[in-house]
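Each structure below is given as structure tokens.
Each of the two complexes below includes chain A, the first together with chain B, the second together with chain C.
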Partner chain A sequence: MNAVVGVVFSSAFLAAVMRVATPYLLAAFGGLIAERVGVSNIALEGQMLAAACTGALVAGHQGSVALGAVSGIAVAALLGLLLAALRLHLGADVIIAGIGLNLLASGGTAYAVFALLGDKGGTSGLQSGSLPRLHLWGVERIPVLGEILSGQNIVTYLAFLAAPVVAWLLYRTRFGFHLRAVGEAPDAARSVGIPVRRVQCLGLALSGALAGLAGVFLSMGYVSFFVRDMTAGRGFIALAAVFLGGLRPWGVFLAALAFGAAEALAVQVGTLDIPPQLVSTIPYVLTLGALATYAYRRRRRSNAEPSRA
Partner chain B sequence: MSVGTLVETEDRREYRATRRRGLAIDVGMAVATIMIALLVGFVVILATGHNPVEAYSAMLTGPLERSTRVGRWLEDATTLTLLGLSVAIPFRARQISLGAESQLYAGALAAGVVAIVVPMPPVVAVIVPVVAAMGAGAATGLVPGVMKARLGANEIVATLMLNAIAVRVFDYLVNGTLREPGSTAVHSASIQHDAALPSLREWFGVPLGRANIGLLLMLLTVVALWLLMTRTTIGYRIRMVGANQDFAEYGGIAVPRVIEWSFVIGGAVAGLAGAHLVLGGYGRLEPGLVGSLAFEGIVVALLARNNPLVVVVAGFFYSYLRVGGDIMEQQTDVGTEIVVVIQAVIVLLVTAQALPDLFKRRLVRTRVTR
Partner chain C sequence: MTPAQSPGGTPAVAAVAVTKTYANGVRAVRGVDLAVSAGEIRAVVGENGAGKSTLMKLFYGLEQPGSGEIAIGGDTAVLHGPGDAIARGVGMVHQNLMLVPSFTIAQNVVLGVEPGRRGRVDLKAAVEETARLAEESGLQVDPKARVDQVSVGMRQRTEILKALHRGARVLILDEPTAVLTPQETEDLFASVRRLRETGMTVLFISHKLREVREISDRVSVMRAGALVGTVDTAEATDRSLASMMMGREVTLEVVKAQARPSGAVLRVRDLGYRPSDAGVPLDGVGFDVAAGEIVGLAGVEGNGQTELAEILAGLRRPTAGVVRVGGTDLAGAGVAGHRRAGIGYVPEDRLHNGAALDESIADNLVVDRHDRPPLSRRGRLRLAAVRAHAERLVADYAIRTPDTAVPVGALSGGNMQKVVVARELSARPRLLVASQLTRGVDIGSMRFMYERVIAARDDGAAVFLVSADLSELLTLADRLLVIKEGRLVGRFDSTRGLTEKKVGLFMLGVERHDRGHIGSGLDEVTTT
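This part shows the complex of A and B:
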């Protein structure tokens, strides 16, 4: 037990939490925005995957990490727009369309990598480079904090900045107000002249872009290659963080951070005599419990109304 | 003969004609969807510098060229159809259960553990693990079912969480407790000889790979579920809840219980698929033995619009593409993943409901004007 406590309070572990939580945070904020605009984005997973693959391929072929990252994010945003188009113009079921997009990304990336590089596994044969780490001048010198906060990847800082930015966007800007209005009562929003469809399209594009940044981090953050299906369900976990966080920016932030911490812990205790697979189930078990409790309390509160499951 | 019955027969004929027309349109739509998806794949293969005609002829004729390939097709179709069925039942009650993965793992685990550990006489040795797998799958389905039905918890999140848990627990057990001592690769001990589902080869006398009597079990399940959905009270209730939950409740149906049943039935069938994987295919527990099968089951159910009888057709069709895709890759260097792309296009076309509706409306209009 002492060993576990020792691991948890080491600065290396806390730095690892920040690193591991990065894709969860970004994708979860993407999911949050989509959820708040009233369209569930199940396709987070596929958007991450497509962005990770595009980023590595473009960076490898063009020799520019920045160009790779931008194209990755752009592809994910386009997938967000495609989801919006399917939902809003073609009457698609948003969950099923999301599953379809995930499949498209999974098959499309694997096919593209094999067709372009002749490699089944990924793009490890391609020199694609990775996004820079930032050494924060000044912070670096603070004893323990410096080791945790400085020297992280640039995307990690963006992910942690995303929480206040998304909170500000949702609650302090006109666009955020429109976004929430459209999500809660589209008809009412329409009646006061808010362009509902445009707001939803923008929201989903933004959602995709955030997921895309998460994906770019996977293939260009600490490694410099794309591996087939490298998202490994992170998009779905991020989606769970959205609900666990109660659809609020800071709640989502904490939930995503907790998922990241649990995964980092699972990796760290792997060296001790504790099965990492079981440690990594903890957040999901907790989410399940929280989901049930939350639903139970909501049901009790609204018991006066006729129940709608 | 009274006027009433005359009118009645007239009405019935009219109704049947409408249904036939609807069915014809549905079949036509399905064929059109598949054609468009194959066309997209064709263009993609062309765009990546390969010969699509050669690739498609390998994919579309390959699976029938040898009896072992047919066997692979039958084996794959069994698993996929069962998974499609397991998804179709909750979908019919309009419950978006994405939990087939966890149920599949639970079923595989239960079947595997029983078949490895418990010594049993022949025949019983097959039946007990299969039943255990169905029970485990049903229990795994019950969890999100109860959470949704009694508490109103989001079933998508609940099933996704259960999937994440099931994968990890399975991985832990196969890496730890169940790992065969002394083997270099990670897998469990083999199941007992009597627990394996008998191969179809013994019946037909030609080598059919790993195809086994799971195929017959699957066909039986199809018929059973079709009867359940169309001829029994619980099936009627599931359909009612799916069609209009408020109306079902108003009509005196205990909606929560029906929702739970839809999850439990789906879970049991997914558990059966897990048993087929272990007892009919791998013969032992291996990490990652489920792969992406669960989501492909969703695709099969969608393509079949959740109708059990059509699910078989969709399952056979889709596994044909999967087996064909592998053969195509061996013969022409075109990645088998193109099949997943084709499948994704199918899903997107099927769910884009406004498309066929536009088309249908047009058909109806031409009929009226004529």
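This part shows the complex of A and C:
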């Protein structure tokens, strides 16, 4: 037990939490925006995967990490628009459409990698490189804190900045206003002249782009290559974080961070003498536990609510 | 027929020979000429399906005319959408309010035209603007309150402020009083009059002739898509307007024989209820409803009548006391148990609880009896029997529909309610619990419902009628109870000579009966 506690309070662990939480944070904010615009984005997982694959392939072929990242994000945003088209123009069920996109991404990425590289497993043969790490001048020299905060991947900083940015976007900007109005009361939004479909399409594209950034981080930051199905359910866990966070930016931030911490813990504890199968269940057990707690608390709160006179 | 010119010069809004035919072939509006001069309050009345709402949608750009012209401020206007109408100074308050529940009132008022620069929203300016508009117009709201936490009346005022914020000079109110309490209705009328002083033109749609006569300067009557005529309100009577609407003489005065109550069917004793949600608690409620009588429940909305009705229907469980129907103690019985005991229930919110809107009329009419003969045999539904059953009820209850396969959601409010009432009454309940029986229903259907409920009473059913409409209660009820803050505060064992004003005093708590009077004559009922 002491070994676990020692691990948890080490600066290496906290730095790992930031790194591991990055894709959860970005994908969860993507999910949050989609949820707030009124279309559940079940396809977060597939969007991440497609972005991860596209990013690594483009970066490897063009020799430009930046171009790879931009292409990955663009592909994920396009998948967001595709979901919007399926849902809003063709009237498909959003869950079915999302599952379809996830399967498409899983099969499509494996096929693309095999067709281009002849490798069934991933792009490890391709030198695609990774996005730069930033060394924060000044912060670096602060003891402990410097070790945690500095030297992280650029995307990790973006992920942590996303919380205030998304909160500002949703609650302070005209676009955010329209987005929330459309998600909550589309008829009301339409009656005041807000272009409902356009807002929904933009929201889903933005949602996809954020998931794309999460995916790009996986193949060009977390590691420097694409592996088949490397997202490993992170998109779904991010979706859980969206609801666990109560559909609010800071709540979602905390929930995604907690999932990141759980996964980091699983990785760290894996070095100790505990069965690895057990360890790898930690994030999922935590997800279930957290959702149950959330449901229980919400029920208690609604029971405790004072009655109207 | 009124010519398309108004006495006061250029009309604020006008329709010239407007016709609208929907894609399904229904000619909703045919050749209507209507001109409303600036600063006038014009009521537009007509039965459901008479084309009033369609005409208003044409003025607001939600629909486009097939032929003819819409003119606003004297200029011919082609409105492609609400945006065009708003830009020309037309605002509309829809019957089902168009607000975002989690937004504050101020945020709803400015939605779509938010103050602020470069893509940002200036929330402080929104609050100030809302407060200013509220001050000027006399429409009192709390700009910082969330819409889902304020009364329906305040929500409606928010809708009007929304139109004012967009610079509306013409305001369309689509059945604004359907959801309001009498007090809120009076406040609304005061505000509307105040708006008229500032030159606002108001188009007021309603079924309620009494309100129309109170608020409007002139009344236009529509029937079957055509404009029957326009009269000065001062010269109109309920009777003359109703006969214009119906094309024949009608009154709401129903013939009601003296009630012949026999033994008590419903016995409620010391009923207490502690809500687990945001409901109203009930305390020490006790009363009887006998076979063959209609007992009305009056009260300002939100004083426990919804909770009481839902307890009687089995949708909520009381936390204390006894509810008995016939010899059955309903403690612990679910909704099905309540129905088996012989309770029929017409819920106040038919959109949510009364019918499955996406399902057909036929299916909605069998949901309480599909599992037994003659509608089903050995676990299989007999579709022919279901259809025949539906066709019989559609004919009996004069439900206006081309086909029983039409989803209930496609029907007008009055016909939707007829489906619910047809289902509940055809089950021949011992006790009928009906909440807001005629809310949002046109006069023809209203009268029909009244007759049916009285017929059910005369057949020996006990009827418990909850309504926000006092004239309805005084017309129908044989006895009347008044509820306030979850307790019974008034009991009238005869409604003869009882006035709305008198009941209103009890509803507001100015007067109350003592407990002895309210509980007199109730026999002891103990839990079994």
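A few remarks follow.
Keep in mind that, in the parts below, the second predicted complex is superposed on the first by the 273 of 309 C-alpha atoms of A that agree within 3 Å, B and C clash if a C-alpha of one lies under 4 Å from a C-alpha of the other, contacts with A are read in each partner's own complex, and residues count from 1 in each chain.
Keep in mind that, in the parts below, a residue touches a chain if its C-beta (ideal position, glycine included) is under 8 Å from a C-beta of that chain, and two chains touch if they have at least 3 such contacts.
The structure presented is a predicted model; accordingly, all values stated were derived computationally and were not measured.
Applying the stated contact rule after C-alpha superposition, one finds that A:189 touches chain C and leaves chain B untouched. Residue by residue along chain A, chain B and chain C are tallied for touches, and B comes out ahead. By the document's definition of touching, neither partner reaches A:161: not chain B, not chain C.
When both complexes are overlaid on chain A, the residue A:284 reaches chain B alone and has no touch with chain C. After overlaying the two complexes on the shared chain, residue contacts for A:181 are found with chain C alone; chain B is out of touch. Of the two partner chains placed around the shared chain by superposition, chain C is the only one that A:173 touches, whereas chain B remains out of contact. Once the two complexes are laid over each other on the shared chain, residue contacts for A:103 go to chain B alone; chain C is not touched. Legend: residue contacts after superposition of the two complexes on their common chain; A:145 is shown touching neither chain B nor chain C. Residue contacts after overlaying the shared chain place A:275 against chain B, while chain C stays out of touching range. Looking at chain A, you'll find residues 307-309 touch chain B in one structure and chain C in the other.
Against chain A, in their complex, chain C makes its touches with residues 81-83, 86, 92, 94, 98-103, 107-108, 111-114, 116, 119-121, 123, 162, 275-281, 302, 485. Within the complex, the chain A residues that touch chain C are 172-178, 180-181, 184-185, 187-194, 302-303, 305, 307-309. Taken in their complex, chain B has these residues touching chain A: 44, 48-50, 96, 143, 147-149, 151-154, 156-158, 160-165, 167-169, 171-172, 175-176, 245-246, 255-256, 259, 292, 295, 298-299, 302, 334-335, 337-341, 343-345, 347-348, 350-355, 357.
The part of chain A that touches chain B in the complex is made up of residues 40, 42, 86, 89-93, 95-97, 99-104, 106-108, 110-112, 114-116, 233, 236-237, 239-240, 243, 275, 277-278, 280-281, 284-285, 287-288, 291-292, 294-296, 298-299, 307-309.
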